[in-house]
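Here come two complexes built around chain A, the first alongside chain B, the second alongside chain C.
Presenting the complex of A and B:
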């Protein structure tokens, strides 16, 4: 029972990670550049929600469209400053410019909201429900549902709409897309907007349970990166699977002594949040070393 | 000496004078400590320049190495009471060891993977520092770190500590300058522009990057240890990401590859926030803004900016063409002439299910020009890539003068005497033609990393390399372009420059991948004459071309590939008339001849 409960929490966390990782990979595919501030956009989403709720105290779900809109706009600004002036330079330049933007976001948040952890309002209401003898928090279920909806919506957008076709064409081969009359720069700007909006929603979803502080970005970008690496660099579905795997591991690992009572008490201390992060990182190194194409991928992709 | 030369010659002394005057003028204890920190950060950035600037890899570990060293000094000093002569070396060794372990899986990755993978180390180190309270003091850190000292004597704060730190910074600067001067610096420039080209001149790029990474870690170790001694406390702050961001910003703002840039960046970014302290967190926003502005406006940093201003004012010394010196004539070969220069036997390569090469065999003799033809996708470039060690073969062997080189790494095959050019030209666009060629003399002149030379001949290899490069440019009829940046050249000259660079390796065999592509007819004729001239020295050429008339004019033999198989070998006229060859180019129906 406890296992199942933890599993639900893990999936909820993973759903939010997946949104962040998805945005990360979308920009990566469209521009070949890493957006290092993707984690800071998660943080920004959390604080945008907190700012909104202080003006207008409503449940998180009502705030969702506003968060999408504001963080999406932020993404447009972001691409205008951090990407377009550098698009013909080596990708490392964009990496550095996004680090710089991340630092700016972080400290703007620090100046505005202070260093203390804050929480966003729950999506619907606080509390738990009983599902077949399983006590689950309403927030976790809502998070999973909303993330699933967004991932599905993103899939439909990319696969079933004309805009999505243009976005994919741009990611695949920019010059070819331009030759076909697609407005490549607009598509890239929209990809940034989509990516930061996804991260922003992740911030709204996460910050109720896990709080948000201005320096959280580094943690989230690492998670997005590990998810993208485990899932196979540049693969959307891989990144989602990777995010789930990480999150479930993160939630389960510290609870292992409870789940497996036969573990000797002497080593219980080894199972903490900290050691979970360390094991995760070592796993990342192992994946990089043994399967650079990711756990699920077959083709190794080279991206300069 | 002209006035200009005088001014540029006096600049370093003026800089040095400012450096000495600064702590004499701003001499409160607080000012002195801040200036000591400038020295410490300079060392950190000097180290970071190895991996980020020279090797061109965006590592995000420098902050972690710094913090790890600070903790080693802190723990050993405050908890165990060990003193500087023991803790200092250990503080350098610790981050270097971490670097070695991390480098194995991470260093071969491309930039993005690399940057993010290295960031993880910093996060893990920070977590450990906070959680492992019994050793690290947790979130509060450790107080009571001893000052720099030995045998019961401790350097007082203020001037003595400052002088010591700056003395070490001076030594570090000299080491950094010495390691990256002349040919080596250019070799790193080539490597970060084009890894492929670096391998093609015989550089072991993986090893160079590894050494750069270890040097970065060692310098970070020095800086971290000194930081702990200066502040007398260590806290998790030294491991936080903002240390890394600060270091990166210093390198970008000062300049990524120049010693002066490290000091300039460290000075500005340590001093300015001190003056603007009233801005509190806003100064970090300004950091971010400055980093962003610099990366967009002046990616070479302030040093690059000053250079450009200096060049506009005419402060640069004028280029004088070095007197050309021919390369040493090839040593007599110890192998009997019966062994062919190159023999390829039964080479097979599959990509997935597709056979790119199927049982390919042929030979090349000394002084011979062999043309390699075949329709697109017939495996020509794959063949060259296997011979030069860029792609591993599935089966078969490649022998050079009888010796098996099938499994040698690319750089070693180059060192054995196989040079190549690329279909898509790989040159350093902002380096002069002369330097583009001179850098290929690195391995032959023995100025490689880690090889010592006596200080009296500091620049001797570079000077000689340039003179030899001038000779090669002359031979290819492009000496007048010697000081032109390679990026300014027309296509025909770029091809020739790449050939000159390949010749600088003193090869026995030169593989040219579509040398006539993109050349007009006059340029093609010129190239044909020059290529024929090359074999007088016994050099053999393998020329991949689609342009059959061009090959007819120069080749002794043609080898024709189709769908990964050799379908014809022999005299150009015979191969051209071969029905199989005609069929390969035109489909099943035989035609009158090839275009």
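Presenting the complex of A and C:
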């Protein structure tokens, strides 16, 4: 039972990580640049929801479209300031500009909302439900469902629509896409908007259970970066799988002594939250050494 | 001719320093150098607010000049801020960052320039370096963890305690003092684990802690992790007392949780301003709310008391920074939170309280007070 409980928690956490990682990879593919502010966009999504709920106290699900819209617009502004003026410069210029914008977002949030942790409203209602003896929070179920819907919707958008074709064409080869009449700059701007909207939703989802502070973005960008590396640099489904693996590992590893009772008591101390981080980063190094293309192979060839 | 001689004498007397001292307000320079951004911004903002409110309430015979400078979290930021503040003009004392690494960087400058640093930093080392220019107005772990453990063991009768703490310096220091104090009662934790600040899911650590069959849980975590831990514990229905560290006394921490989730949770701190209790505390609470539109915590109150003590020292005649430092080292001051007196090393706070939540509101009640834990207040 504990295994299932941990698994549900891990999947809920991974679902939100996946939205962040997905946005990260979308921009990576479209521009070839690493957006180090993607984690700060998660933070921004949380605070946008908090600002909205202070004006309009409704469940998170009702706020969701507004959060998507506002963070999407934020993505357009982000691309106008942080990407387009530097797009013909070396990639290092873009990722430094994303770091700078991330710091600006952090400090704007700090000045506007203050430093204390805040929580977004639950998507539906707070509380738990009993599912066959398993106590599952309603928020966790809602997070998994919303994330699944968004990932599915994003897949449909990219694979089944003309806009998606244009976005993919731009991501694959900007010069060729432009030669075919695709408005490459518009597609890149829309990619930024889609990416930040996904991050914004992740912020709304995460901040109810895990709260949000202006400096939380750093943690999320690390998770997105590791997910993209493990899954395969530039692979969308790889990023989702990587995010899930990270979250489930983070939740399950420290509890292994309970899940595997035959483990000798003498080594129980090795299975802590701290050692989970060590093992996670060792796994990242192992992937880089042994399978640098990641679990699903690599699309983007240049890494920051 | 005689008239003009008398007029001249009167004018001379009016301009003399003695007369100026009696009527013109004395000048006090108190730069406020605290971390308003970065990971300690919540506590740093409380520090700033406490100091600024104290300056607003300065005795009428003082003219206080102050600037608030954000030191963020880097030692060099704090050092630069301190040097700039000292170079700008006459400084009586400095409200200095509660971040231990910044304090350690600022201490040599304070010693060289003979300027007292007034802080609520919990880092033990800052008062262990023999520097006579540091004064800490928040009880360290050697005080608060005594209260933390004594309440659990003596008042609640707990014997099988699990301990969960942070991997940071704050967490490690708290853990050391908790384990030492448990040992004084002949006890050791039945389970202990350190958590990184970024840990999101508390189910694994709580499951492991409960598997050790504890009768209570001591936690020493930062604000966000404290709220996450207590929320998860409520969801699991652990049903045993949780006695938290001082992060739980901060109103923003309680605001993250539903009152019902807080039922049975207790915490240690220097004081619980939101709980009120005395006319002075009520007045502080009202002024703080009016001025900053937020709830005060113990850090704000500690910094308020410390700054007020500096102002009282100047009001009573300390003019230079070195004189203020000497006064702080010798004075006994009745603050709102407690009585302050240096233990000879600059530790001014020697009391702690335990507060508990009843499950109906987010405002805790002070249930136990531990005064003069170090014995420094004993004449």
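Here is the rule we use: the second predicted complex is superposed on the first by the 284 of 304 C-alpha atoms of A that agree within 3 Å, B and C clash if a C-alpha of one lies under 4 Å from a C-alpha of the other, contacts with A are read in each partner's own complex, and residues count from 1 in each chain.
Note that in this section contacts are C-beta pairs under 8 Å (C-beta built on N, C-alpha and C of every residue); 3 or more make two chains touch, one makes a residue touch a chain.
The shown structure was predicted, so the numbers you read here are calculated from the model rather than taken from an experiment.
Asks: Report clash or fit for the pair chain B and chain C bound to chain A in the combined superposed model.
Replies: After superposition on chain A, which the two structures share, chain B runs into chain C.
Asks: Using the touch definition from the top, say if A:9 reaches chain B (first), chain C (second), both or neither.
Replies: The second partner, chain C, only.
Asks: Counting only touches as set out at the top, which of chain B and chain C does A:172 meet: first, second, both, neither?
Replies: In the superposition, A:172 touches no partner, neither chain B nor chain C.
Asks: Regarding the shared-chain residue A:274, is it in contact with chain B (first), chain C (second), both, or neither?
Replies: In the superposition, A:274 contacts both chain B and chain C.
Asks: Regarding the shared-chain residue A:285, is it in contact with chain B (first), chain C (second), both, or neither?
Replies: Touch status of A:285: first partner only.
Asks: Quick one: classify A:107 as touching chain B (first), chain C (second), both or neither.
Replies: A:107 contacts both chain B and chain C.
Asks: Please work out whether A:161 is in contact with chain B alone, chain C alone, both, or neither, and reply first, second, both or neither.
Replies: A:161: touches no partner chain.
Asks: Have a look at where A:219 lands relative to chain B and chain C in the superposition and call it first, second, both or neither.
Replies: In the superposed model, A:219 contacts both chain B and chain C.
Asks: I want to verify the contact counts: of chain B and chain C, which reaches more residues of chain A?
Replies: More residues of chain A are touched by B.
Asks: For A:93, select first, second, both or neither according to whether it touches chain B, chain C, the two together, or no partner.
Replies: In the superposition, A:93 contacts chain B only.
Asks: Of the partners chain B and chain C, which touch A:211 in the superposed model: first, second, both, neither?
Replies: second
Asks: Of the stretches 62-70, 134-142, 188-196 or 422-430, which one in chain B hits chain C?
Replies: Only 134-142 shows clashing C-alpha atoms.
Asks: Please report the chain A residues shared by its interface with chain B and its interface with chain C.
Replies: 106-107, 110, 215, 219, 272, 274, 277
Asks: Would you tell me which residues of chain C are touching chain A in their complex?
Replies: 36-39, 41-42, 44-45, 167, 193-196, 198-201, 203-205, 207-208, 211, 223-224, 227-228, 235-236, 250, 252-253, 255-256, 258, 294
Asks: Touching chain A in the complex: which residues of chain B?
Replies: Listed in rising order, the residues are 56, 58, 102, 104-106, 109-113, 115-117, 119-121, 123-124, 127-128, 130-131, 241-242, 245, 248-249, 252, 280-282, 284-285, 287-289, 291-292, 295-296, 299.
Asks: Quick check on the complex: what are the chain A residues that touch chain B?
Replies: 28, 34, 36, 81-82, 85-86, 89, 91-93, 95-97, 99-104, 106-108, 110-111, 215, 218-219, 221-222, 225-226, 229, 233, 272, 274, 277-278, 281, 284-286, 288-289, 292, 302-304
Asks: For chain A, which residues count as touching chain C in their complex?
Replies: The contact residues of chain A facing chain C are 2, 5-6, 9-10, 13, 106-107, 110, 114-119, 126, 128, 135, 137, 209-211, 213-215, 219, 250-255, 257-258, 272-274, 277.
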